[in-house]
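In order of appearance the chains are A, B and C, and numbering begins at 1 in each one.
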Amino acid sequence: MSVDARALHRRKVWRNVGRYTLLTVLAVIVLFPIYITIVNSLLPARDIFQQPPKFFPTDPQFGSYREAWNAGHMGNYLKNSIIVTVIITTGQVVTAILAGYAFAILEFPFKRLLFVVFLATLMVPFEVTIVTNVSTISNLGWYDTYAGLAVPFLATGFGAFLMRQAFLTLPRELRDAAALDGYGHWRFLWRVAVPLARPAVAALSVFAFLAAWNQYLWPLLITKDDRLRTVQIGLKQLQSVSIDQVNVTFAGAIIAVIPLVILLLFFQKHLVRGLTAGAVKG
Amino acid sequence: MGRVALDHVSKRFDDVAAVDDLSLDVADEEFLVLLGPSGCGKSTALRMIAGLEDPTAGTITIGDRVVNDVEAKDRDISMVFQSYALYPHMTVRKNIEFPLRSRKVAVAEREQLVRDAAASLALEPLLDRKPAQLSGGQRQRVALARAIVRRPQAFLMDEPLSNLDAKLRVQTRAELVELQRRLSATVIYVTHDQVEAMTMGHRIAVLDGGVLQQVGAPQDVYARPANLFVARFIGSPPMNTVTGRIDRIDDTLVAQIPGGHIPLEAELASAVTASGVDEVVIGVRPEDLRFDTADGVPARVSVVESLGHERHVVCRLDDQQLVIVRQDAHDVPPVEQSPTFLVADPAALHVFDPASGNRIGV
Amino acid sequence: MAASGVTLTPARKRLRRREHGLAYLLLIPSLVIFGVFVFWPLVHNVYLGFFRNPPFPGLPSKYVGFDQYRDVLTSQTFVDSVKTTFLFAILTVPVGIALGLGLAILAHQKLRGIGVYRTFFSSTVATSVAVAAVIFGTLMNPQVGLLPWLGLTTNPAILQNPDWALIAVAVVTVWQTLGLTFILMAAGLQGVPDELFEAARVDGAGAWSRFWHVTLPMMSPTIFFAVVIGTIFALQSFGQIDILTQGGPLKKTNVLTYYIYDTLQRQSDPGKAAVLAVALFFFTLILALAQIRLLERRVSYER
């Protein structure tokens, strides 16, 4: 290399060192709470938050996880969350597919009005519905049941909007060809339209899963029985029960995080797509 | 204005060399075309001159200073991008003005420069529109106006005509050349279109696989291609090439090709012998071939394509290889499927070494 | 629909009607859910506000018309709660978006291994509000927490401190939503053509100028979306307050959602809760519409 190129190279290296340093510092700041949680979940009880704090578990104890899972009921809470979330996600996706197809492909009177009705649901904040919904659920006898936790959320305007967008991009000729081949709407929907709209279905699924998993206020209102608690409320319960066993509380927090980490490891791309679908429309 | 020089410039990505040891000197006020197929490194070379990429080796000089560690904004060059890269949220006026604002030019002077640039590209009526309201050709002129408003030392253009429709492209080609002459500007122009290269450049630099194949005036590159790649890339319809065995018939060096032989005249023959090859690739441009009734290489007329002002006659040799002959419209057209003979002007023969692809002889 | 001039044969009419029927059938599941759990509660909620609840459960509630609305909406607690809610939104939305955008810009550089950093910055999307609250709640605990080590002690402790509690909750909220904001901003940044940045570089624009003249305008639709949605979510924050401060200390974190919950569950006063919920609905709606009206003008949609 010539002298000039060497000097330039040196400058470039320093510039990159600066960039990586900044990035690393910020990443450490962002990750620190989770990191310290993992560390503390593995510390033996006596080491928790001694001053100065320990930043690395020299003698990791996994007992806190066992404790959180069994005695702390996190295993049970996790099971409940998974069941409820899967029910809600499936429901939202199915109703969204049905409604999206109707709005995108079919023609019928009051179509525009009904679409506005669907979109209007996005404008209604959850809190306005809780008073009535609690009593509705109670009257149906669904207090402390999976049904009560899931049924109010089986349909969303956002889902219908997303699937309508996806189905609108299907070429007209596909529908015509299918009609000539003797496919009615129902078979066309499930055999052709949905497979082709797979990215949108995946995006909606991830989005719905995330939202359902993170629900807090509703489970708090309609479950009292510890056996039905979802993982978010369960974590709150765990914290108040093991107030002096921080390692157990933290183990519970990590347990609550892991399923989402797994989900996002595989489906991060779809989450992005779901988000940008909203942003593009504005 | 100024000269631009690349001295043994390379750009490697891992172990692939996008640009391999490129040395090129662009003179002041010269219109130099970087020509080559996609992936040949021409755009990478342009971006290194602009400062958008750093070379892995070599030095780049603009004017009289080495600019390797000078940032793009301080290199005193402008660039016209293939997609024009106009700022969509700014009016035409603001787009043209933008390079001046970055350099803190006084307001009054700015307005004058913008007006001048807009005038030279007939953009005055469009100054308050946004790019979304303009046609492709208009957007391209805005991109040009933005480039010229600063009077940089050199203009870099990356396939600026490729997004225009064919008719507009021809018209804009001429306008670009006029603009360059008017501004006495140094222009480095990247394209994959050899017609653009031939018609616009003072010199053409042909690249393939990151390596410079040949640099010279259009006529030189056309008449004396340095290797097979250049020979086949430049010229439309492309040069006919045929591989032949070297042999002697009656004291004359010939190349044996399917169905016949091509005699090589004295200078060419001695160059071939000197190179020691026993196989050559003979190249002949379609306009240097003519039909004969008895002499020459036997061939069969396959398809006669009439273009109005000229004719392309596609023929097949004995082994079905295609040879294209260009005929003037006034000549008598041959009959399709009829046998004929092809004769080439011996001075118009190009001979290449099949192994290296390089030109042999004069 | 029917092209003008085309008469419909009975067969076509039947086909058309069948299509209508199918469409309604497809919409019914969603509409039933919406009807029962969204629209009916909305209407009923307004109606519930007309009934004042007795101080003792079991006694009938009394129709008071708009009196309850007037009383609740003019009460000092309500006004304070609204102020707290807005303050909370101001503390969380701009900061969250600025941080998300800043990190997205940093993670947009073409560096080796930048993907790893993008994963790190989006990691908080795996946390829920409860997880974040539990973690930070413990970290900010005066006995077992981390603050003494950092030198950030306050008296009283931060979550019981009326001056700092809301800020603490805001910090937790910003951290928890950072992942999602980052992902949204990063996706928006991807949509900006690289050539625009390159043209700006060649045109002589430095980093700040490029941010102001290219990044910000091109990102304006995404930022606009983030502001509107972010505000709506901020106004509906609940979980972290329930876990960290329960509306205290001294009602300094008593945002409207918590006030509603507290009124409904602890005070068993559905009538009052209904009034508060209607208030929240209107604030959300007005704020969203105001933002759309004010900001959409400044958003540049190209093409």
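Note that a contact is a pair of C-beta atoms (placed from the backbone, for glycine too) under 8 Å apart; a residue touches a chain by one contact, two chains touch by 3 or more.
Predicted, not measured: the structure shown is a model, and the values here were computed from it.
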item: Maximum centroid distance from chain C, chain identifier (CA atoms); value: B
item: By count of C-beta pairs in contact, the leading pair of chains; value: A-C
item: Distance from the mean Cα position of chain C to that of chain A, given in whole angstrom; value: 15
item: Distance between the centres, which are taken as Cα means, of chain B and chain A, whole angstrom; value: 54
item: Residue numbers on chain C that touch chain B, as the complex places them; value: 193, 195-196, 198-206, 209, 213-214, 217-218, 300, 302-303
item: List of chain A residues in touch with chain C within their complex; value: 16, 19-20, 22-23, 26-27, 30-31, 33-34, 36-37, 48-49, 51-53, 94-96, 98-99, 101-102, 106-109, 111, 114, 117-118, 121, 123-136, 151-155, 157, 160, 185-186, 210, 213-214, 216-217, 220-221, 231-233, 235-236, 239, 246, 249-250, 252-253, 256-257, 260-261, 264, 268, 271-272, 275-276, 278-280, 282
item: Chain C residues touching chain A - in the complex, by the definition given at the top; value: 1, 19-20, 22-24, 26-27, 29-31, 33-34, 36-42, 44-45, 48, 103, 106-107, 109, 111, 114, 117, 120-132, 134-139, 143-146, 148-149, 175, 178, 180, 183-184, 186-188, 191, 221-222, 224-226, 229, 232, 235-236, 238-239, 242-243, 256-257, 260-261, 264-265, 270, 273-274, 277-278, 280-281, 284-285, 288, 296, 299, 301
item: Touch list for chain B against partner chain C, complex; value: 50-52, 71-74, 77-79, 81-83, 85, 87-90, 98-99, 102-103, 131-132, 146
